[in-house]
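Labels for the chains are A, B and C, by order of writing; each one numbers its residues from 1.
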Amino acid sequence: MFQIRVHGRGGQGVVTAAEMLSVAAFEEGRHAQAFPSFGSERTGAPVVAFCRISDKEIRLREPIMEPDAVIIQDPTLLHQIDVFAGLKQDGYVLLNSQHSIEELGLSELVKDRRAERFCTLHATELGLKHVGRPIPNVPLLAGFAALSGIIRLESVILAINEKFKGKVALGNIAAAEEAYQLVRQMMNHHPTSPLKEEEHA
Amino acid sequence: MGFQPVKFYQTGTFTVGNRLLAPIDRSLQSGQMRSNSINSGHRACQGCGEALGARYAIDAAVAGSDGQLIAANATGCLEVFSTPYPESSWQLPWIHSLFGNAAAVATGIAAAMKVKGKTDVRVVAQGGDGGTTDIGFGCLSGMFERNDDVLYICYDNEGYMNTGVQRSSATPPAARTATTMPVGPAPGNVFGQGKNVPEIAMAHGIPYVATATVADLRDLEYKVRKAMTMHGARYIHIFVPCPLGWGTASSDTIRMARLAKESGMFPVFEAEHGEVTGVLKIRRKVPVEDYLMPQKRFAHLFGKNPHPETVARLQTIADRNIRKYDLLNDEAN
Amino acid sequence: MLKQTEGSKAVAEAIGLCRPEVICAYPISPQTHIVEALGEMVKSGELAPCEFINVESEFAAMSVAIGASAAGARAYTATASQGLLFMAEAVYNASGLGLPIVMTVANRAIGAPINIWNDHSDSLSQRDSGWMQLFAETNQEAVDLHIQAFRLAEELSMPIMVCMDGFILTHAFERIDIPEQNQVDSYLPPFDPRQVLDPAEPVSIGAMVGPEAFMEVRYLAHAKQMQAIERIPQLAAEFKQVFGRDSGGLIRTYRIDDAETVIIAMGSVLGTIKDTVDEMREAGHKIGVLGIISYRPFPLDQVRAALKGCRRFLVLEKSLAVGMGGIVATDVRMAVSGTGLKGFTAIAGLGGRPITKASLHKLFRQAEVEALPPVTFLDLDWDVVNKQLERERQTRHSGPIAENVLHDKGIVSAKFG
């Protein structure tokens, strides 16, 4: 089972991101479970959502305390809460920022971890550019597909088409494609699905 | 108002017989075709104004719907006296659910009729003043606001009579009830701001609001029949004296209702979409004392230690009603 | 059709397939998404004929459903928590009148302190209301139970609550098989009411009943639930024939055959319990699970039979009878009375406290060696509790309890559970 935690703020589409991630995994024939942190947070407040992906039925209902991956939609959260709490030693991190991991002062965190699994992406800009709104969730999902290989870009696009219609869908797809390419260029290798690795292990 | 095409000029009584009228002008209640919606044999007190009012109103509503009527009833005297299991006086489909939800139950029935395409079936909800102006007020307002296709009829006897005469928000100032005893420096019910539910109903802008009393049968029947020609939320507030609760003779029920109207204590009017469209004028104005004195619930205002200042305050209320609704007529009928 | 969708959305689709004729909607978290989705279906014409009524309170929601059902329409509403309490008078009335209303309860705690998260306090507070209560373990089961509920309710002319864990199920996106309309139509016949308000055949419904007949009327309500004990497994079997899935029934056991310790629970926590039990089984523990789907009627015989082979049981419940202990546990003990079985109660997950595998591992191991008190409060912060008790001992004006506890906990916004 692969567990992802998405951090962001109310209004950034955090819950939608986790849901779309689960839809993308479902499109690939997997079991997936997405759920919000069940708060009554208003716009701007820190929000957490979760997604589990597995090849078996998912029965577990506890919150994700030891994620395999963390997606951070708002870098200002770094100063507010421990977004990396419980992150597995070999875990993935994708951060919405125009700055690098080092510039964000996260070198200490990356030390002793697999640096190639850490990545930043200026997703807000991509949202503005392609959709006209500073919503980073969809570009981050596509970026996460490139970073982790847990889902394919085509599945993200399927999830986009399920969630959005018309121009908004097209804009989001364009944002996703650019995000995917950007992250791929940043990555030195093209990962296979960590779930598959797990199975082979 | 066009409800009474013929005027009567008798003195001493206004209750002229139908025999003076052409058959078409006669009241429904006087005819053999009345539906007897509340059949005889029920357990209301002698002279019960509510039993009378309900019978007038529901018979008129049944006639106005060609017999296709369903009633929802709030808990209260009407419900208790009409349906002690396994007897029922009701000759139409009737449901009692709770004290405070008659309007909502009626909404549900109306929705069921609509969804089933039974557009000919009409729905009334009915309750006393407690079930309408107090505990059922939320559901009533909701039904008004949604403009559900329900005629709500409130039988107002100005207190919780079913439970032994306690104060409701419709109890008039200074009146004695079991919870507003005539003791202390200001005996009886307090002078509050009042809760005028007909006016609150009008404030919802619903198609039709009317008040009526059991003293004016044709007026009452006319208003119910008129309401039945309309769709959407409609409200009729009927003044129904309670011999037990008011301490009046059971033979005086209709007289008390008439005095309430003639003194200005209970204005009789109708309104459409929030605007008053007609009033039943006072025919021979009487001072409030004429209305108050026969009632034991106001006995403490008179007698050995009278409270003329309280009576004067009640007169002020009546006078305000008269001014507000223009109840005094130049061309007296 | 297989879909990756939200629990609430899936339930709304299932309700739509049941062709409800009157839906009453009043917003309360975490139920709101269900009626929102239904409202959209009615507005778009996808669900027709159906009257969708935005009522002014939960009390009105149930009252409108009562009127609609008594007039022969298939009526549905949904609520949770305070909403269920606010409609409580009408809840009892609906069952007293024998009206087959189906209501979703998106289980949520009851305040004060106000809390929007999941536990079972709300529907369990209506335990004796005369409504049947079916608890869903997964969103798939929530979907399926609603379809079975309309069938059972209308057969017996008694109302049913389908209980699904608020947020944990209602807001979870997962894989759900949404039935086809023709399947539902073949399983659920049109509503044929036992009593109906009809001008062609006038009846009085809801008359006053005195001491001479009240007990008989109440007994008949009990008798109907006893009939439901027979019908629920039959309807689940029939459901399997039509839809090809095991869903519903009175109870469901898991790895119980040679189990010495059996964990008993209701609702979505059964999933986490099963995962824990699988891990313990791998480590050689003889442990199994008994899930209770039908809380009312309570399947005393079936629970007793399921526990026959074990040595001890632990009831893990998301509810608390203050001043007593467990609520479900009381019923389970009634089921096994006379067997000498050792039983424990764990109160867990109140107000949405996460029930984690880690905590369950510890708890179940203690249960195995019978090292538990009769009632355990899972993951209770004793430091905070003792601090408050001490504060109250020391000063009369110790202030509001909930605010003191929050202050001691030092909670801000940052929690993941």
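Just so we're on the same page, a residue touches a chain if its C-beta (ideal position, glycine included) is under 8 Å from a C-beta of that chain, and two chains touch if they have at least 3 such contacts.
Everything numeric here is computed off the predicted structure, so don't read it as measured data.
Colleague: Would you identify the chain whose Cα-based centre sits farthest away from the centre of chain A?
Modeller: Following the centroid criterion, the farthest chain would be B.
Colleague: Quick check for you: compute each chain's CA centroid and the global CA centroid, then name the chain with the smallest gap between them.
Modeller: C
Colleague: Roughly how many whole angstrom separate the Cα centroids of chain A and chain B?
Modeller: Chain centres of chain A and chain B, defined by C-alpha means, are spaced 66 Å apart.
Colleague: Any idea how many Å lie between the Cα centroids of chain B and chain C?
Modeller: 45
Colleague: Based only on mean CA positions, could you tell me how far chain A sits from chain C in angstrom?
Modeller: Once rounded, the distance between the two centres reads 34 Å.
Colleague: What does chain A use to touch chain C in their complex?
Modeller: Touch residues, chain A against chain C: 5, 18-19, 22-23, 25-27, 31-38, 40-41, 45-46, 48, 58-65, 80-82, 85.
Colleague: Considering only the defined contacts, which chain C positions touch chain A in the complex?
Modeller: 4, 6, 29-30, 116-118, 138, 165, 167-168, 171-175, 268-272, 274-275, 352, 354-357, 413-417
Colleague: For chain B, which residues are in contact with chain C within the complex?
Modeller: By the definition above, chain B touches chain C via 67-70, 72-73, 79-80, 83-86, 88, 90-98, 100-101, 104-117, 121, 138-139, 141-142, 145-146.
Colleague: Quick check on the complex: what are the chain C residues that touch chain B?
Modeller: 21-22, 24, 49-51, 53-57, 59-60, 63-73, 75, 89-90, 93, 97, 197-199, 201-210, 213
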